Structures are given as C-alpha cells and as structure tokens.
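In what comes next, subunit A is part of two complexes: it sits with subunit B in the first one and with subunit C in the second one.
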Partner chain A sequence: MRIRVAHETVYRYELPAKSAIQLLRLTPRNHDGQYVVRWRIEVSEDCRLDPFEDAFGNLTHSFTVDGPVSELRIGVDGEVETQDTHGVVRGSLERFPPSLYLRGTELTRADAAIAAFAEETAKGAEDALGRMHALQTRIYETLTFDPDPTHAATTAAEAFALRRGVCQDYAQIFVASARHLGVPARYVSGYFLRADGKVAQEAGHAWAEAHLSDLGWVAFDPANGICATEAHVRVAVGLDSLGAAPVRGARFGGGGERLAVTVHVDQAGRQSQN
Partner chain B sequence: MTSKLEPVAFDEMHAPDGSVRSAYVALANWLDQVPKDVLDYRRREAEYIFRRIGITFAVHGQAEAQERLIPFDIIPRILAAKEWSRLARGLEQRVKALNAYICDIYGKRDSLRAAVVPEELVYRNPVFRPEMNGHKVPHDVYVHIAGIDVVRIDSGDFYVLEDNTRTPSGVSYMLENREIMLRLFPELFSNHRVAPVESYTDELLATMKSVAPATAPGDPTVVILTPGIYNSAYYEHSFLADKLGVELVEGRDLFVKGNVVYMRTTEGPKRVDVIYRRIDDDFLDPLVFRPDSLLGVPGLMSAYQAGQVTLANAVGTGVADDKAVYSYMPQIVKFFLGEEPILKNVRTWRCREPEHLKYVLEHLAELVVKEVHGSGGYGMLIGPKADAKTLELFREKLKQDPANFIAQPTLALSTCPSMVEEGIAPRHVDLRPFVLMGSDRVCIVPGGLSRVALTKGSLVVNSSQGGGIKDTWVLDR
Partner chain C sequence: MLSRAADNIFWLSRNIERADALARILDATHRLTALPQASAGTTNEWQSAVATAGCVTAFQAAYDEANERTVTEFLAFSPANPASIRNCLETARSNARAVRTALTGEMWDVINGAWHRLKNFDGRNMTREEFARFLAFVKEASLAFDGSAFRTMLRNDAYWFSRLGFLIERADATARILDVKYHVLLPAKERVGGPLDYFQWTSILRSVSARTSYHWVYRESVKPWLVADLLILNRQMPRSLASCYENMSRYLDDLAQFYGRQGNSQRLARAMLTRLDNSTMEEIFQSGLHEFIGSFIAENNRIGGAIAEQYLV
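Right after this comes the complex of A and B.
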C-alpha cells in the first residue's frame, strides 16, 4: 500500500520570538515492510536543517531560526510504500541490544496499579507473545479514548489511573506493563491510515514494540487493539513519548505561544474529500 | 578506650609504640612549643578569613542554617613523599580505568560482552545516557576531572571509598585551605618542604584547552557553566572562574545556532569551545533531557554531538561512579589496563545478589549500608552506631528494594591530630585528591581535600553531616 503523509506543525507567538531552535524526529527509515518513496521537510523560515542520527537510530534534524519570527511552520510531505508483516519488525536499524529497553523512565514507570494490571493480564497466557497480545487487548478494552484529560507530559501511571487518554497514553501503559513483565518494550511514533477513511487527523499516531526472543521486535497498537499493519508508517522509536517526540523546541522571547498540528494520512493517488 | 565493636584506627601521627612517625616529627615539635592561646587565636583568625571571603556551603533540609561555614581544622595532615607517590600512581591507574570503561560502555561494549559488569547494571542505571551511545568525544576523554575519595585503615594501603566522575566539588577548599595556612603559619612552611597545590588552576585550564573540539580556533574559549547562585557549590564555581580567568555563565548566557555554542557578550556573540559544566546531565538541554529545565541550553546536545563543543565532564560519566559499579572496579582495572589495581577496594556486598543480601541481613549491626546512588552521607546506615529501631527500618528497606543498596564493613578510618574543644585529639579523616585528565596526560596536584569527622568517634566526614576540612601536605621528600 502506498501511503501519503502531510503533517504540519505551526507555532504562533503572541509577540515575535527573537529566535527559535527545534529538534525534529520526523523522517522515517526503511525496513522490511516499509519503503520511503519520497520525504521532505520544509520550514517556513530561512534556516539550515542539520541532520544526525540519534542514539536509537532515528533520523533527526535540528535547526535554528533568527527572529523576529511570529509564526513558524514545519511541514512534512512524503510517501511510503508499506506491506503487512503481521506486526513483525525486521530489518530495522538497531543501536542497542533489546535488554536496554527494559529501562524504565519517568513517563513509563509501572506503579503498583499498572504492575498489578500487567501481572493479572499475563495470567493464563502461554508465552510472552500471548502475554503481549493479552496486554494489547486489555488496554484497548480498559481505556476510553479521550483527548481531554491527558497531555504530552502525562505519565503512564496517571493515564492508567484515569483509564482515559490518547494513543500516546495507551502506548506508554503498554510499554510500562511489558517491561514490568520482563519484556523489552519501546515507544513508536508514526502515522496511521484510518480504516474508516477519515484522512484529516489531529495528531500523529503512537504505538509500541515488544521484543520477543523468537520473533524479534513486534509492533502492538493498543489504541486500535491490533498489531501494526500496512496502515502503519513507523517514524521514530524511543524509551517513551519524549524520547521519540516528533518535535521538541525552544524559543527566546515571544511571550505566549499557540501550537497547531494538522495531519493528513491517505492512500497515495486517492482523491481526498477532506 | 576503644570498645570491642570499633577496631583500632590507624594513627597517622603516632606509631603504636607512641613514637612520632617521621613525616610528623617537625609538626609534633612545633605543636609542643606553640602556646595554646596562640593556636586558639590563629584558629579564630582562620575562621574570620573564611567568613570574609565567603566560603560557605548550603545544607540540604536545614532551614535554620542554609548557609553554613565549614569548620576548618588548622592542624595540617601530612603525607610522606613515598606514601603520596604510591597513592598518585594508584589514582592515575584508577581514573584511566574509569575513563576506559565509560568509553567502552558508550562505544564498543567489550566489557559487557565479556561480562565484566552485568548489562543490567549499565542499561538500567538511571544515569546511563543512551544519548551518548556511539558519540566520540575529543581524545576519548570522558572524565576530565575526577575526585576519588580514599581512606587509610593501615600503614600500607589506601582504599578507595568512592569514585566521583560527574562534577566533583571541593577543590576550592583545597586551594583556600593552603592559602590560609600559608598566611597563618609561615613558620611551619619554613621547616617543611610542602609540595605546592597552587598550580591546580593552571593545570585545569590547560586540561580544558587540550580537549577542545577540532573545529575550535588555536586558542579555544573555555567557560564554566553554573546552575546559579542557589547551587550549594556556587562559591566554588565563581572561585574557579576567577582563578582560571574564564567567564562564569548560566544557561541563559549561552545559545546555540547552527550547532555552534555562543556566549552573549557586550561585544556580541562569542563562540564557546569548551564548557566546564557544573550542571547535572538531566538539566543540560531541555530538548534532549528534562524538558522543564531552565538551567541548560536548548540545542546544546546537538552542538555536542556535532563535535562543535566539548563538555567536561562528558555526558553520562555517572555510569561509572555509583556504588554498585564500584564493587566491580578491581575487575574493570584488570580488564582495561591488564594491571593489578594499586588502590584497594573496600569489600562490598551487593544486595541485589540474594547471597549477598542474606549475609547483609544477618550482619546488619556490623555493617555500613549505603544507597547505590546516594551521596553526601545521606540515607546511610552505620550498623554499630544504630539503635534497634533504625536497624529494623533498614532491614525492611533492604528487603523491599535490595538492588538500591550495597553494604560494607565498618571501617576504622585513620586518625590525624585535630584541634577540637578539648585541645588536640585524634579524629577520623578521609581524602579527596583531584585528578585531571587531558588529551595526553593525567595530572594530580599533590594533596587534596582532607575531610575530618570533628565529633569524637564519628566516622562520617561529610560536610553536610558536620564534618570539617583541613589542609593536606605532601612532603617533597
């Protein structure tokens, strides 16, 4: 399947900012089941995008812009050819042994409630793969999708206590639970082509990968209750949402700021009605 | 009298037969002759100088005494040339091994493949920084400045109590102590040949310049990055900036553009090549570490990874200095240098291992228990000094989170003569020498910071726990 992605992040500053600096994890890599046909990042201001690879192998760009700047647009436009691999991720660039991904972080700490949930969910499953599938299903069933109560800095424990959240929260609860069960797990940011045909989305997508000794990395999408399919475009991985964040930035001066994100994910060649 | 529980401590001044050891003979003679009121007077004078120059330190969790004067003991500690040269060789070896280990952890990982250190101790260590993986630093130097805490328990060997490879502090005390002693007791320096420590600041600056990135101009610009005036070691940051003749900056004084770090100056932006940072990793760059940090510089890590600026110490060096890794240091020295360690390690039980935990729980009243990531003497149990309630509390803590603790035997730290209320009496001491590692050499100024437990019988020398400091003399011959 060929998927076209258009993703725009717009910062608007109340007062013009003196300067701004941004770190982008917005460029997918190739692996089995994913081939990047074309990909382009555009920034509204004059700047140089400095590329580098971060510790986890993600393609990263940094840039600085000189102000005064009252609006900063970061646009991504690209096409990716995908194939269904039943969630199994092969041919990805690995910079660490899987055991690194047992490492807890502030955002993915399993508190007593998550620990109990993970242990209870794991009961009855025959092997690690079964436990991960059970986790995926239970999280999907237990949580209610709700963008209101959580935000970018919400921890897995906080979201789990609410039983509400967005894909980021679902993914972090999965990661925290899997690690608690001794299964290396990581957070994935990317894009998802919706089955219902809705092309315009308010944000990118997020899911998780767990490492199983016989299969390697397998992608679980607890927000959709399925393993990743050809509808998933995988962009960056990290220990948590912060580590795989598509955009992290800072600015000097400028008072308050407003952030607007628009994401369009569609099958390439199909005429969008949105 | 010493009780049975406390082993007899090694007396650095007196031999067991009561005679004075040769390094201390001149000092002993002088102490015999100098009237007590003169000593008292000089002590008050020293205190006055400390107060005037404003050397204070902040104590955590003590509202009534947030800024305190650190007690200064005017009796110097003396090390013979021979004792020092062996110690210095041991320190150089230790720091080379620590550096090689860090280089390996973020590079080839040979020591993990060879199982010198368990992988889990690295990858699940909160101060391991995945961001440093595969990142080359100039001349492979990670630990530019190390403070290695050593103690003596017998006449022969020094034991390492703790390695400090992040941002060790205390060197300003070493330098100030000497300056005050030179001012107060010129006559003592005329009958001792004391190796100077004043060259430390020149050596530090040379070390910093030697590790500048390849892109830096011929004379690189060095700055000291401080978290600001509320940091407990702010005095030291400003002291060093002054002595080195470099700018003392806070995060907001720096900015990154096109992966180059600049400092705001009255004459416009100036490129910065080497940052001696006294800020923890977590706060360095809000785009990579804690997003709420206001102390750091956005984009600093990108500039660092692009090789446009050197950070000293390197990011992620904490992976070598927690107390669990400490217990593997003898193997680390052997693995990387192929040598026997010159400095000994204190026997350490790792409570994360069930066998060790069992032993520790059975012998709790004899042991010292420390948190793996603790420092400053906080959260520590000294078994022989603890009451039943405290022991029970630690027993529970150990069972709940064994991996967070190590245990060591209660050491009888050596004693030195110290000036206390009742006159001159032996008190327990440790020593923190400072080791500098530049592009092509290791430099250790002869001496360090001796900390002294001024309370009779106390073994805790941390300034946060009422310890004092004293000048440390290394005799030239």
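Right after this comes the complex of A and C.
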C-alpha cells in the first residue's frame, strides 16, 4: 500500500523567541515491510538540518534557529510503500541486543496495578506470543480512548490508573506490562492510515514492539487492538515515548508557546499486488 | 510496452554496460601486469581477469593457458565467448535494431556508429597501444550511449527498463570484482600493506574507475576496508552496490506506479536496499566478506530473474 504522509508541527510564541533548538525523529527507515519512496523535512526558518543516527539507529535531524522568531513550522511530506507482514518486523536496523529493551524508564515503569494486570492477563496464555496477544486485547478492552486527561508526560502508571488515554498511553502500558513479564519491548512512533477513511488526524500514531525468541520483533498496536499492518508507517523506536518522540526542542525567550499539530495520512494511488 | 520490446531495451543497456565493465577490467589488468614481478606478486592476474568476467569454464574450454594474448583475445574479441566485448556490442546493436523505433535517433547513432567502428579492430596482432585505443573506444561508446539516453529519452517505461538493465549489470560487475579480489581486502592485523597490496587495491579502484573518487571521499591513503566500503556501501559512488540498489528500487517503483501494479521484483530489490542500508562494514567483515558478496551475486541474479519474469517474457 502506498501511503502519503503530511505532518506539520507549528510553534507559535507569545513573544518572539531569541532562539530555538529542535531534535526531529521524523524520518522513517526502510525495512522488509516498508520502502520510503520520498521523504522531505521543511523548516520555516533558514537553518541547517544536521542529520545523524541516534543510539537506536533512528534517523534524526537537529537544527537551531536564531531569532527573533514568532512562529516555527516543521513540515514533513513523504510517501512510503508498505506491505503487510502480519506485524513481524524483519530487516530493521538493530543496534542493541533485545535484552536492552527490558530496561525500564520512568514513563514505562510497571507499578503494582500494571504488574497485577500483566500477570493476570498472562495466566491464560500458553506461550510468549499468546501472552502478548492477550495483553494487546485486554489493554484495548480495558482502556477508553480519550485525549483529554493525559498529556505528553503522562506515565504508563498514571494513564492506567485513569483507564483512559491516547495511543501513546496504550503503547506505554503495553511496554511496561511486557517488560514486567520478562519480554523485551519498545515504543514505536509512526503514522497510521485509518480504516474509516479519516485522513486528517490530530497526531501521529504510536504502538509497541515485543521481541519473541522465535519471531523476532513483532509489532502490537493496542490502541487499535491489532498487530501492525500495511497501514502502519514505522518511523522511530525508543525505550518510551520520550525516546521516540517525533519532535523535541527547547527555546530561549518567547514567553508562552502554543503548539498545533496537523497530520494527514492518505492512500496515494491505488495499486494491486501480484 | 510489449515485453519483447522491454526485453530488448533491457538487454541493450546490459550489454553496453558489460562491454564497458570488461574494458575497465582489461585496462586494470594490463596496468597491473606491466609492473615488475616483485610489486605485482605471483598471482596470475590474467586468470583473475577471466574469473572477474565470470567465464572461467568457457575460457578453459577454449584455451590452455591464461596469459595476455589468450585473455585479451577471449574477453575482447573472441566470437566463441558469447560475452566478449565484440559480442556484447554486436548483440547490443541487434537489440537496438529490434526496437529501433523505441529509441531516440541519438541513441541509435551511437550504437550503430560503435558497431561500424568495431570492424576497424580485428583483434589479431594488436600492439598494446592499439589495444589501449580499442579499450578507449569501448569506454567512449558506453559513455556516449548513457549520455544520449540521459539527454534524449522520455522518462517512461522504456527509459526505466534501460536503466534497470544497466544497473543490474553494474551491480553484478562490482560484486564480481569484489568476489575475485576479496582476499586482498580482508583486514589483516599483522600484515602491513606492502607494495603488492597497494597495487592490488589501486587496481580494484581502477577497474571501477574510482581512484580519484576514493581520494575525494576518504582523503587518505588507500586502505582495503575503505575500498570495500566505497564499493559496497557508499551511496555517493555510482558503481557501489548500495547506489545501484538505491536507483534500481527507484526505477522499479516508477515502473510500478506507471503500470499500476507491483510484484516480486519490487519487493526483492527493496529488501536488498534495506539490507545494504542497515549494514556496516564491520558487520560485513565479521560475518564474512566473501559470504556476503557470494549471497549478493546470487540475490542480484534472482532479482534479474524476477524482473525478467515480471516484465520481459
């Protein structure tokens, strides 16, 4: 499937900022289920986009802007050709052994409630794959999708206590639970082509990957209750949402800021597979 | 476009690229064997040239010994070798004639002109100077062919098929040079590169016309692992495996968009691009350069087969 992504992040500062620095994990890599046809990052100010790979191998860009700047736009426009691999991620760049992804972070710490939830969910399943599927289904059923109560820095434990959240919270609860069960898991940020045909979205998508000894990395999307399909465009991975955050930055001066994100994910040109 | 026409265009470019690769191999071998024995080593470079061209069996059937005369004759002129330079150019011309109306006038002039000029070189009793002129003629013909294709062809399926033939052959040629010479590129801790190695490495660079590029990219003396990096993973280098697959994936994608359907060749080429993208030279050396090259050549052939199956038959 050919997926066209247009993603714009706009910062508006109350007072013009003196300078800003941004770190972008906005560029997908190729792997067996995904081929990046074209991809471009545009920034509204004159600056040099410095490309590098972070520790996890994510394609990362950084830039600094010398102000005064009252509005900063970071746009991404690209096309990706994807194939359904039933969630199995092969051919991805792996810089670390899977056991590294057992490491907990503040955002993905399993508190007593998540630990109990994970253990209870794991009971019925025979093997690790079954446990991960059960986890995905139960998180999908237990939580209510609600963008209001949680924010970017909400931890898995907080969101789980509320039983509410967005895809980021679903993914972090999954990651925390899987790690509690001894399965290496990581957070994935990316884009999702919605089945209901809604092209304009409020944000990018997030899901999780778990490492199983016989299959390797398998992508689970608890917010949709499915393993990743050809509708998922995988961009960056990390230990938690902070590590895979599409845009991070800081500014000097500027007073308050308002952030607006628009994401368009659409199917570009229909093709049949033969 | 009819698959018969696509097939001819594909093989037209492939044959021209092959003639060019052979000319460069012969040129590099001539240079290497012109060195004193102490510098050039005791390996039979003429034997290596035949191996690099991938026609050892056919050569052994026709000749007893690999030396300057027999190898030059076999790789450049022999009618018995289906992949000699002369046969490549002749086949290219008949490919071109079969699809004359799908080519631009400029492309046809280049191929037809080269075919006529080929008759001036009979291949018997040529001096080294005459032979050098012949190699220069072959390289000029391939440059003029690519230039005319680039400057005059419509960017449609005909152009993409011509680029695919060229890139498959190019990737194969680079990989086979590495396959024959991999042993001089292996990092050996105890061995300090002597003159022998230096000339071997330089000769590899020459055979893909990358000696100057090497110094532009790395800005240091010739080191074997950097030569391997340039030829395998460096996307700036147009003969590197990664560059060939970057472009093949793109042209296959253009074809898929143009025809509105995609298949095995797209998937295989993308998988190879991903594999090259996600590799580092350390990993390739650790898991074995020779195994890597061997599996690349096999996979490249498979992708050539997939393109043929999908579009050319």
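Throughout what follows, the second predicted complex is superposed on the first by the 268 of 274 C-alpha atoms of A that agree within 3 Å, B and C clash if a C-alpha of one lies under 4 Å from a C-alpha of the other, contacts with A are read in each partner's own complex, and residues count from 1 in each chain.
One rule holds for everything that comes next: a residue touches a chain if its C-beta (ideal position, glycine included) is under 8 Å from a C-beta of that chain, and two chains touch if they have at least 3 such contacts.
Values in this document were obtained by computation on a predicted structure and should not be read as measured data.
**Student:** In the overlay, answer first, second, both or neither for which of subunit B and subunit C A:37 touches.
**Tutor:** After superposition on chain A, A:37 lies in contact with subunit C alone.
**Student:** After superposition on the shared chain, which partner residues are touched by A:29: those of subunit B (first), subunit C (second), both, or neither?
**Tutor:** second
**Student:** Tell me the contact category for A:116 with respect to subunit B and subunit C: first, second, both or neither.
**Tutor:** After superposition on chain A, A:116 lies in contact with neither partner.
**Student:** Touch test for A:100: subunit B only (first), subunit C only (second), both, or neither?
**Tutor:** After superposition on chain A, A:100 lies in contact with subunit B alone.
**Student:** Identify the partner contact of A:81: answer first if only subunit B is touched, second if only subunit C is, both if each is, neither if none is.
**Tutor:** second
**Student:** Just checking: does A:92 make contact with subunit B only, subunit C only, both, or neither of them? Give me first, second, both or neither.
**Tutor:** A:92 contacts subunit C only, not subunit B.
**Student:** Any idea whether subunit B or subunit C touches more of subunit A?
**Tutor:** B
**Student:** Per the definitions at the top, what is the overlap between the subunit A residues touching subunit B and those touching subunit C?
**Tutor:** Touching subunit B and subunit C on subunit A: no residues.
**Student:** Spell out the residues on subunit B that touch subunit A in their complex, using ranges where they run on.
**Tutor:** It is residues 119-120, 123-124, 128, 130-134, 255-259, 286-288, 291, 298-299, 302, 305-306 of subunit B that touch subunit A.
**Student:** Tell me, which parts of subunit A touch subunit C in their complex?
**Tutor:** Residue positions touching the partner: 29-32, 35, 37, 57, 81, 83, 91-93, 269-274.
**Student:** Could you pull out which subunit C residues touch subunit A in their complex?
**Tutor:** 249, 253, 256-257, 260-263, 266-267, 270-271, 273-275, 277-278
**Student:** What residues of subunit A sit close enough to touch subunit B in their complex?
**Tutor:** On the subunit A side, the touching residues are 19, 21, 23, 48, 50, 52, 54-56, 62, 64, 66, 95-97, 99-100, 102-104, 153, 239, 242, 248-250, 252.
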